[in-house]
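So the structure is just underneath, and the comments pick up after that.
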Amino acid sequence: MTTVTLRNLRKKFDDVVAVDGIDLDVEDGEFLVIVGPSGCGKSTTLRLLAGLESATDGRIEMDGRDVTAVEPKDRNVAMVFQNYALYPHMTGRRNITFGMKSSGDFGDEEIERRVAEAADTLDIADLLDRKPEAMSGGERQRVALGRAIVRDPDAFLMDEPLSNLDAKLRIEMRAELARLHSTLGTTTVYVTHDQTEAMTLGERVVVMNDGGIMQVDEPQRLYDFPANRFVAEFIGDPAMNMIPVDVEDGRAVHDAFEIPLPLADAGDPVAADRNGVGEESLDDGRRAVLGVRPEDFRLPDPRTDDGLPRIDATVNVREPLGDSLLLHCSIGDASCNVQAAPRTDVGAGETVSVTYDPARLHLFDAETGEAFYHSEAHVSEAERPVPASVE
Amino acid sequence: MPEMPALLQYAKRGVDALRRDRSTETVRGASPGTHLQLWVLVLAVVFPVAVAVIVSTKETGVVTSLGDLLPGSYAVENYREALVDYRFGRFMWNSLAMSLVIVVGKLVVSVFAAMAVVYYRIPYKDLVFLFILFTLLLPVPVRFVPLFQLMNDLGWSNTILAITVPYVASATTVFILRQHFLSIPASIVETAKLDGVGPLRFMLFVLLPMSKGVLVGVSIIMFVYAWNQYLWPLIIIDSEANQVAQVGLQLLQGDVQGGQLSWSLVMAGSTLTLLPPLLLMIVFRKPLLKTFNIQQK
Amino acid sequence: MSTREIFDSRIESGLLLLPTLVVSVVFLYYPTAMAVRTSFFDSSFGQADEFVGLENYAALVTDSAYHSSVLLSVLFAAVVVAGVMAVSLYLTFLIHEVDTGQGVYLISVIWPYALPPAVGALVFLFIAHPTLGVLTGPIEALGVDVDWFNDGPQAFVVVALAAIWKQIGYNVIFMIAAMNNVPDTLTETARLDGVSGLRRLVSVYVPIMTPTLFFLVVINTIYAFFSTFAFVDLLTSGGPSNATNILIFDLYQEGFSFFNFGVASAKSVVLFLVVGALMLVQFRVTDEYSYYGA
Amino acid sequence: LGGGGGGGAQFSPINEELTVWHAMGGTNGETLDGIAADFEEQTGTGVNMEFQDSYENVLTNTLSAFDSGNVSDMLQVDSLFAQQVLDTDQVRPVEEILPDEFDADVFLDNVAEFFTVDGELASLPFNNSNAIMYINRDAFEAAGLDPDDPPRTLAEVRSASEQLVDQDVTQYGITWPNHVWFVETWYGFEGELLTDAENGHAGTPTEFRTPDAAYDLYEWWKGMADDGLYTNPGIEAWGEATSLFIEQEAAMVLTSTASVAGLIADSEEFTVDAAPYPSISETRVGPVIGGASFYVPDGLPEDRYEDIGRLLEYMSQPEVQTEWHKGSGYYPITQPSVDALREEGWFEENPMYGVALDQLQNGDASDPATKRALLGPARNVQTVIQDKSVDILNADDIGGEIESLKAEVDDVLAEYYD
Amino acid sequence: MTTVTLRNLRKKFDDVVAVDGIDLDVEDGEFLVIVGPSGCGKSTTLRLLAGLESATDGRIEMDGRDVTAVEPKDRNVAMVFQNYALYPHMTGRRNITFGMKSSGDFGDEEIERRVAEAADTLDIADLLDRKPEAMSGGERQRVALGRAIVRDPDAFLMDEPLSNLDAKLRIEMRAELARLHSTLGTTTVYVTHDQTEAMTLGERVVVMNDGGIMQVDEPQRLYDFPANRFVAEFIGDPAMNMIPVDVEDGRAVHDAFEIPLPLADAGDPVAADRNGVGEESLDDGRRAVLGVRPEDFRLPDPRTDDGLPRIDATVNVREPLGDSLLLHCSIGDASCNVQAAPRTDVGAGETVSVTYDPARLHLFDAETGEAFYHSEAHVSEAERPVPASVE
């Protein structure tokens, strides 16, 4: 029942512009994730939403109501912090009820009921009588969530709520959060610098950089159709390979290789819809950066011929990741990461022949970094190679 | 003394901070109510001192109503009289000497002790620490008589030794330093151990530089403490030339026996005695206010 | 987890501890022991000590005025400690809350701490003297008859006020550091929940500040018992009707006005025991209730 | 510990020059410094006058100095504490120190008598005083009182006070420091001894006396306080008491003759005058002595005593005494200086300076009640009486409190002398 | 030139046994990583090596010399801590030289030379005159490394040196460390709880749990041949799926499916060499846990038939990870994660047909958790399906 709208929102600290006039619409019940590098203004945005910082400029609306100048406690939002922000001297129960009791909006019975409910939802009944110091990180985070949900707020604001947990726990809690959101359906704005969290949790993801919004989109579309180099490199681990090329005659030309750039028939309606761009942008001689994700490079099966160009790559380092093998290679003067099957028998120093997925090429303007070509938009479903059955 | 440059550095920072304070006023202020309450409380707290300062500028200094609390025009005359005629400068100087000796003594002795207590593997360590802490319960007044006798036996009466040495052991300083040492990350200490850094080097080049703030803060507290000593100097010092400012203040009262109580001179003296600690507090305000975070254990 | 005990040498640790231990033993423990010894003697200036066993203590046991002095001191300490801490805490909180002029407020409130107790007492006498005081008129206008040279309870209040006033600065110095150390996110959580100011102070900050507050309780107790001498001496001389005759003043008077060192020593021993017992109780209580910082 | 050695203690002087510990602050202190400077000029012997804040502090420092061995050459001891210092057995009678040619008879009888012990002048009287009453002439006139006929008895003080207060001239009628000396003076005028054994002059005092006059005194005192005619300036609050008078909060103040010079100087807004001490009843036997004398420790290096003796002698010279009297208000204590002043017409010109001397000389020096008490535990007795006086003012049952005052003093005496 | 040997090393704190009698051989010049969950005794082991803790029992040898009781400073090891442990009041240079100068083993010139060398190696020349507060996390860590390498120690000991860095920086520093090790070749023991770090950095990896060593092996072998359930589940993200089955007639039988377990011909020498186990362990009716990694499940191309069984799985949650799609499924009463191609069109609630890589099955004893069967050992190279060209 809650939409959040930011209009030209700005926040300046002394000499730093933390948030630089952003516009954003959070839909009712949406799980929106804000991701970006450290210092890009994620927390500040969230804190502006909560009312913990006052905006330098612009407005914030909740359900159409202007709340820009409203006190935090009157915004009816709940915030979950990275460090849990549990009161160290209170038991789990008291941590959960303390705020409610203070606000005086709830009767004792009502509080009882809600705590029981939240404890049930989060499975923290046995934590209620312990103090935070006697809880593990995950348990603390769960209690902090409990504190947020008992108040039945219009929106949850979460600032890297899982960052302090170890890897395993983070994954568990991630699932927990997803489940919680599907149960409660409360509008949620979630800040993280971890792109895996962003991808797996967000219905939509906002990528921020330097106080501005770089792109807002569904996770897989961010991955497949990054709007600019920043997003392309930020989303995906290992990061997308970026190789400076010249566009010539419908091909990406580099000293060490030439790659044909698929183009849909002009006027094909599929193209526009899929974030592709018309051929007019593939001007001859244009300086561009070719983006290829490590997993879109392939070590081709020598027994087959798919008709794609082969590129020679020298392996510098091999990193076995268990489920795959990452090869740090040089292609001409460019460094590239190539992902190979886990047990592939390639050693450092060897030269391998590499090919790529023609439907997964990206071109970015050499100057502005804006994406101007995604080959996927130009390759119709039918034309694409049969997906391999083993990923 | 490695502290000296540190002190100067802090002094500079303190002054800078004061300057900055005035310029950075952020948009969102606390409610005016908070400021009002603060004003009232601050006024209440400062009022007595302000009265003292105002009275010190008056002719006779007898002020019996709020209406009289306008600064008078005798400031120069009163302060001159106190400093020159009553040789109050001399007492201040004695106080300063006493306070500095106590502060430096306390620091050195307490740094040693705290270092031993924190960084050495000693048997019965808790007991040793407790033995030091316990002295908090044995303040000078309780020990007056025997201490007095002891000073006589040592031949220290009327000397600066008598009013400094007994103060040099400091449970509070050891306690605060210990707290601070415990907050220095263990990994830093262990790095030193791995490198084979000896105790002296460790103290001079690691511990002291990393404790600048606390050392400055503690010094100020100890300075105020030492500066304000009254009873013991009163008892053990009976030659005027060696007397300290706190006791010397009484000499400014005039002929009380004869019914002349020169309030304005007394207050001029009081204001003078307030200056050194006040100055220190303002200049070293940052470390004074930042460094005393007492954590458990 | 890891250890800070990186040095082993017994000799070095001994040398480091030596100055503190020697000074403690010679100037603190030895005189204390001597005071205990003297308490069994009849001793004064200009006469030989005479062993009297427990006579001095017996005199104290039967001296009802002394009993009330003990009770009075405990009450006085309680009032001073509670008063100092309540006022300082609230002041610190207000300063913590504002974001303009913090520095100026802070310096203003800790300023009187630098004032010597004797001067503080004189100033108090000056402003609150029953007939001459600057504030006496305005206070009487409020309907209070200022008469603390004759009125015991009033004298008690005046001395306690002066003692509290003088110690605020010291407390604020420590409290502000502790309060600033409370994680901001806790403050912000409370703000989001609409936890009102005072409730935030009492329910959030105070428990987290307990280690500092405990330290201050100890220091303030010692202050109230031992360092308030000047206020009593200059304001009331223990009167009227012994209403402000706290132990430290009583002891000083016995020793250095009346020169009854034996009795004075017995009184020091009792004072020491009283404060020691109170400390013990405080340690017990805080051990139970103090929140051990994460 | 505490108890020092016996009589033969070897003291070391504080300074090469002579050191004098005194309790004379302000202008009196300056006068004293001047006397020292003159002496130095005449004899070449340097003298350090060291102000020790109050008689109480001189006493404390003296006793502790006897213990530590570092003593001043001369000690200005309040007559109140005379016995307490004598009891230490550490002082040498000044008569043994004064140059042989010195004539001990120059001192006024009433003065010399008090300071003579076992026929020997134990200490050198120097600054001696009475308690007298100062009045605010302007206030008296405004209240329709005759300033030339000030109250002479407590009853008259009360009625004058009532008039002053009723007419809103001053807030209070009278004030005086809560100091034992005033009680002593009242006893003296009434011809009552403070303690048995002739105030300690004829043996060991064992009890505090509470004659009917004492009841009358306290009843009057309490009545004055209850009715807002008297204000309590505080214990030993000499300064506050005169301040109250100068600020015209009270139109009468009882205090020492030592304040004459200061009060004349400070009462710029009105005319001050001096009057004899008001007595409890019509009986006016005489005042007890006040002020101090100089004691000299026994056991200093022998070569110092000659210089000390010369200084002592110098301080009782008529010129010095005259100068001292004029600068302070303490009455002249040697006959030659009295004579000189009379001759000069000083007292006619400055009648306020004569009040105390007259009061002294009108007194019956032979009556033991006018001899200030010699009590070993004087400081302790003093404190008890002062503290108890406040209790009596606050008590519903004066009689009970007076009895308890007596009991406490008796205890102190018993403890000291047992 | 340095080997490190631990023999029955034990460390007991009051009531906790932190290290429980471990044996370990670190080879000369090896980069050995110790990994394990929080509290398993990693740091304690390292600190025992450094001499910061004294062993309760057992011995430590360096190059055959017993150093169990030797002072830390005489072991000639350098340690790098998680929180950098830089002296905050010293410049980078002084931080680096302070320890050396203290030891007195080095002349001034020698020190100069070494610092210059280290600064060069680590590219920190411009940090030498700054204090730590003016350095970023990565820079601090680099200076801390500099401090370690100037002393040219016999061994580096590193305790989670990268944990305080953010993700991007961690990856960079990881590469830096690898490069450094290949340059210097100093024996290194590296503690982490991050398995990616362990896999990519370690020449061999020690997996610890509860004070004991679970397995010591090369990274890919840990992944492919986990010795027990603990290792299997600890290594790999998302974790290996574990499904309780009965072994019957050479098949793994579960309510919802039956899977044939490939077996090499008896006596085939390949088997033993590859950690497989003889058929005698595949006793009928044995209770076991079947382990299959998410990426070893597949959504088969409906157009082909590989002859493998099909298993029905209901999709509960879909998590787009960008380069793949993670499906949280239920197979009968078991929960399973299945990794699919990134853009696969499967929604939550759908039922899909799943198959698997027959060479990537693991069986663990239901009680002890010990692995007793890895199908890879039984499938000869030739028999394995052609690896897909796109991973």
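Every chain is named by a letter (A, B, C, D and E) in the order it is written, and numbering of its residues begins at 1.
Going forward, a residue touches a chain if its C-beta (ideal position, glycine included) is under 8 Å from a C-beta of that chain, and two chains touch if they have at least 3 such contacts.
All values derive from a computational prediction rather than experimental measurement.
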Smallest count of steps, each to a touching chain, taking subunit A to subunit C: 1
Chain separated most widely from subunit A, comparing mean CA positions: D
Chain whose average C-alpha position is farthest from subunit E's own: D
Most extensive contact between chains (C-beta pair count): B-C
Length of the line joining the C-alpha centres of subunit B and subunit D, rounded to whole Å: 40
Whole-Å separation of chain centres (CA-atom averages), subunit B against subunit C: 17
Distance between the centres, which are taken as Cα means, of subunit B and subunit A, whole angstrom: 56
Interface hub residues of subunit D, defined as touching at least two other chains: 1-2, 60, 64, 67, 240, 243, 247, 249
In subunit B, residues with contacts to at least two other chains: 28, 62, 64, 145-146, 149, 187, 190, 192-193, 235
Residues of subunit E engaged with two or more neighbouring chains: 52
Interface residues, subunit B side, partner subunit C - complex: 17-18, 21, 25-26, 28-30, 34-35, 37-38, 41-42, 45-49, 51-52, 55, 62-66, 68-69, 108-110, 112-113, 115-122, 128, 131-132, 135-139, 141-147, 149-150, 165-166, 168-170, 172, 174-175, 181-182, 184, 186-187, 189-190, 192-193, 199, 202, 217, 221, 224, 227-228, 230-231, 235, 246, 249, 263, 266-267, 270, 273-274, 277-278, 281-282, 285, 288-297
Residue numbers on subunit B that touch subunit E, as the complex places them: 185, 187-188, 190-198, 201, 205-206, 209-210, 212
Complex interface listing, subunit D residues touching subunit C: 1-4, 6, 56, 60, 63-64, 66-67, 87-90, 171-172, 225, 231-236, 240, 243-244, 247, 249, 377, 379-380, 383, 386-387, 390-391, 393-394, 415
Subunit C - residues contacting subunit D, complex: 34, 37-38, 41, 43-49, 129-132, 149-152, 236-242, 253, 256-262
Complex contact set, residues of subunit C against subunit A: 183, 185-186, 188-196, 199, 203-204, 207-208, 210, 291-294
